[in-house]
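Each structure below appears as structure tokens.
Each of the next two complexes has chain A plus one more chain, namely chain B in the first and chain C in the second.
Coming up: the complex of A and B.
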């Protein structure tokens, strides 16, 4: 008998999707109700995960579904950010008129796919989770279908993502052929260094995963999709799929293929260096804030990959810390972006921020903190994120990676500081509206406080993450 | 055994030929027909190696659904204008070397991978050791595990299909304005005194009707 207690959260979220769909079909004008019920069901889901001991180590369904410390922590992170994303974008979707009943339901189903990805200990299960999340994301990207940019971004994401899924499946089939199993633990037993097939399989899988977290050279979709899709979807893109894909990255590289680390380590180092450099240089010329944050997220994924490339527990922990902190910084950034509203229109260019500090001192202060933190200036939280990564990298004597990382931080600081200059020293423009909904205010406040005061009491987060031990 | 190999070569030649014809054929409709031919021969090859379930799925899904969908899409487009002329086209022919290069690289990678494969004689023994009964059919075996060992995958595939359905509806369904819908309950429960009014018109005056 399988112990289903541990997947109550997944079962609940699947049932919630169907029940919400039925409510939406039979009750007229229920978009707002369903949006709030979705947030509520995410809270229930969070409670269901926290209900069980977080350090449980359970394997379900013939060892293909794993509930361990890593998966529980990442799921909590995922659902928390899902709640924040939905809270902060509720006003936006009403104004842009994409408040249909399907919107929150698609968000929920995407989160389901990500939870499956995070827990998967099997190639087939991982692939189905990945498809579930990306299928919902394609639709979300083109949700504003009357807008030509949104349709374009959905189509572009769909075509490129289908291609990368094909590569990933090809890699899975190679790995299955050469190790005669799809289960991660069984693959780990059958891995030997001589077979080329496994190496090719790993390369194809890394390609597919790198596409999902938009690491260079598989980043080309990110700026267009981030710019084209509605901002409420962009914030979703920027945070949640990265949490899930990074967990899979860690699990797939460290559980089955840890013995052949010399074959994949150099690939991850290359991805990391290329993403850090490209993310910092290509963002310099951008005028659109969403496009800029796309390049910035490419760069940030480079740092997270640098932690993974070390091959140590400390490296993994630093990557997970990085993604947790990155989540809050992006949340705060997009919350600021949601506040740039005037006459039922949202503004997303850097020049619209000109002179913001004269009219909106608190909003500009939040912007200042977020941008300083993204640039990695102490004592804000972004500095600590990078600090942990570089400590882990230097302990493995990978000095060139650390030096390139530091250099790209310096380059990236330029474009973050340029926005601050525009906000504080340029001529002022018309005022933006001030009546924002409470959810947006809450998420901005929480994330800004976290960014600002993390350095006073950093031990809780570090202590939680230090327990993650996968090797 | 010799008949088996003769059939194998016949099907393989047809499969490779039709795969090439899909890309070089001038008429788009012909391309789709060659694609269908390709799928059918490949499903024959699957049946020949004893994978009758995959062969039939191939026929049902690819020929029955995907290729027919392609055919409909191609026929919806204006085919007479959109000739498939990339091969001889001056403008596009500079893409061909790059495509050939990439496909060549992937081909050689495949050769390396397959060359690294050492045929394992012990593979047949593992078949019996993991309990595969060679006397039953594939379909029977899949049926045994699909609802037991792989129930979670089966259910999750259902979720994927549900999301696909929601997505298709979201992206294509439009609520049009000004359409009068039928309301059966209202129509049936209408009574005489709601719909009929008796008037008593006088001469040369007519009746005033409220609209």
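Coming up: the complex of A and C.
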């Protein structure tokens, strides 16, 4: 009999979605209640995951669903960031008037899809999870339907994402055709170096996944969608799908196709270099902070891919460390963005920040910490993220990748510095409002403290992640 | 040693900074935060003197070692000092309180943040000089960019944004190659602990590239010609205290880095690249001295003279003679005092006249006699007149250089003459001559805090000029040991070949 208790968390979240929907239908004006219940159910879900031994290694449903250390860790990361995202955006959705009952439920279903993706050990299951999260995200992106930019971004994301899903599905079918299985472990047994069909399949799958994490050259959607979507959705886009897609990236490349690493390694290296360079150069000219963070996240994904491209456990671990740290930096950045509110209106252009430090010293200090950390300046946490990546990369003697990556950090430093310049060096403007909801303050404080003081005791994160051994 | 004196030196200013940052910012607490910062930095200075007192100069071993697991199984937090680093720590701890005291009306707004930045800077700089692990060193070395960027950018002059960006990007670009080199060293040898690396040694085939990577970082920071162009901009635009920190301590981090890492870790490559260093140093000495002659801005002139003086330092380090190395260390300490003094002096008159152009001054001697005297001492210190600390350093470096190469030393000596030319000419134009402007007639002489700051610097410059023994005896054994190690490495390499 299948051991269902290992997927209590998934079952619970599905039940929660249904119950919340029913409450939403039968109880009037329940948007606020449902929002809070969603956060609560995420907490319960987190508790359910933590309830089971994290180092359990179980395969369920005919070996197509895997609970191992990697999936448990990534799920915890996913749900934690889900909680933080919801906590910090609650006031925003009220003010932008998108606090409908569907909003948190869509977030939950997207998270369900991601959890399925993270645990999947089978191409079909993986595809189902991917589509579940994408469908929810299409709706979320265009949730502010009266806003033309938001509708545009939802449509754009839908069309492009459908295309990439098609490619991905085509890749899956090729792989099935040439290895006669959809299960990752079985594919691994049948992988054959000389079969070009398989290589094509891998390329299509990488294309699809690279689209999800917006790696160059499949990044076109990111700036528009980031800018157009409501900020509460942008923060979601910037963090959660990347955690899920990166896990799948790792699992697909390292479980079924590890034996033909020479076929895909060069592709990942190319994606990584292109993303790092493009992300840092294209962001220089941006005026909108959300657009800028889109380009910056393209660059950051480049670093995460650099870790994956090494083909070692060390590399995977560094990638996972990177994404965990990146999550906190983005969380803090968006929490700062949520604080730029004046007269029921949110500001998102760089010039709106002008002289922020004179009226809002603490907020600007958080901005300063986050931006320097994104730029990777020691002793802030962003430096360690890059440090681990390049340690793994240099271990494999991939010096050119390391040097290009580090050079692009210098280019990237320029546009982060530009924001700091506007905040600290320019003339002041009107004050922003100061009454923010407690959830936003909490998530900003936690993430800023983590960014600032991580260097005092960096071991725990490394020790947790060191246990992830895929190869 | 149970009491972690080095960590306290690093942490104390940081704690002070945090305390000041979170104190309530009402206008009348401005003074309180200044007193607090002064207090913290003075306590740190006294602590550093106590460290010097406890320091045992008769051994080249690292002392006051503290080791703590940091990233498990990878990097340890390790600090310790030897005869070379102890002096820089004292210099840092001495200059910072002067900076804090010198802060007054010239920082018009956000005094509290300024003090926080300076104290954080002090922590990081002390950290640089006592870290014994490459990664920890890098952390402190690069971390200093953040407060310095803000100091230049927020409280600087007209072109502060340009200068701050230039400073930041130049140094960051220089340093990333060093990061690659540090990680490579970890994979080559399995450790980043400097004491282990000294005993292990690094394979010759790696040394050249690694040396160049470290060089790229230190050359920018020193700064050596042709990557010195950020320095005049940063110096000119930074507020007085910022310029002082830059000139007196930040530049020394690179000189220290050359001694500790380039020479200590890569002796074979260091020997191989001697001609490169000599050429760049000589160009720095002669060329920037000529450039300094042409400057119309006082701060810029001093900035270029710093480049020239640092040229002497790099020259001295790479002579690998007892005199050259000790001279370099001495010159760095002396330049730390003299350049700090000069920038503070410029700050004194800038505050009164709000101009740095030499042409706007003249005849200060009749209205500000005390100022004229102290500036004379500082000028002579920069020139390297016997009896000032500047002389000892340059003299020792030139002795070392003559041992190595007659030609190099001769060209370097030209720099001494040129430095006399631009410094004395500066002095003449600012202090002597007819009073041409009415504003100058109204100038007041030094006030109490200025007298305190400048006289203490005068005292030290003259004191070490006449009696350099305390500094030299502190460094002697460590330098001897360094040279011995260097020669052993070179010889064993020759035998292998």
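By our rule, the second predicted complex is superposed on the first by the 471 of 471 C-alpha atoms of A that agree within 3 Å, B and C clash if a C-alpha of one lies under 4 Å from a C-alpha of the other, contacts with A are read in each partner's own complex, and residues count from 1 in each chain.
The definition used in the following text is that a residue touches a chain if its C-beta (ideal position, glycine included) is under 8 Å from a C-beta of that chain, and two chains touch if they have at least 3 such contacts.
In this text the structure is predicted, and so the values were computed from the model without any measurement.
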Side-by-side fit of chain B and chain C on chain A, or clash: fit
Contacts of A:406 with chain B and chain C, given as first, second, both or neither: second
Which of chain B and chain C A:200 touches, first, second, both or neither: first
First (chain B), second (chain C), both or neither touched by A:139: first
Touched partner set for A:125, first chain B, second chain C, both or neither: first
First, second, both or neither for A:390, with chain B first and chain C second: second
Touching partner for A:458 - first (chain B), second (chain C), both, neither: second
First (chain B), second (chain C), both or neither touched by A:116: first
First, second, both or neither for A:73, with chain B first and chain C second: neither
Minimum C-alpha spacing, chains overlaid - chain B and chain C, in Å: 40
Chain A-facing residues of chain B, complex: 109, 112-113, 116-117, 126, 149, 151-153, 155-157, 159-160, 162-164, 166-167, 169-171
Interface residues, chain A side, partner chain C - complex: 358, 361, 368, 372, 377-379, 383, 387, 390-391, 394-395, 399, 402-403, 406-407, 409-410, 413-414, 417, 420-421, 424-425, 455, 458-459, 462-463
Touching residues (chain side chain C, partner chain A) in the complex: 25, 69-72, 74, 110, 113, 135, 138-140, 142-143, 145-146, 149-150, 153-154, 160-161, 164-165, 168-169, 172-173, 176-177, 179-180, 183-184, 186-187
List of chain A residues in touch with chain B within their complex: 14, 17-18, 21, 60-62, 64-65, 100, 102, 105-106, 109, 112-113, 116, 124-125, 128-129, 131-132, 135-136, 138-139, 142-143, 145, 174, 177-178, 180, 194-197, 200
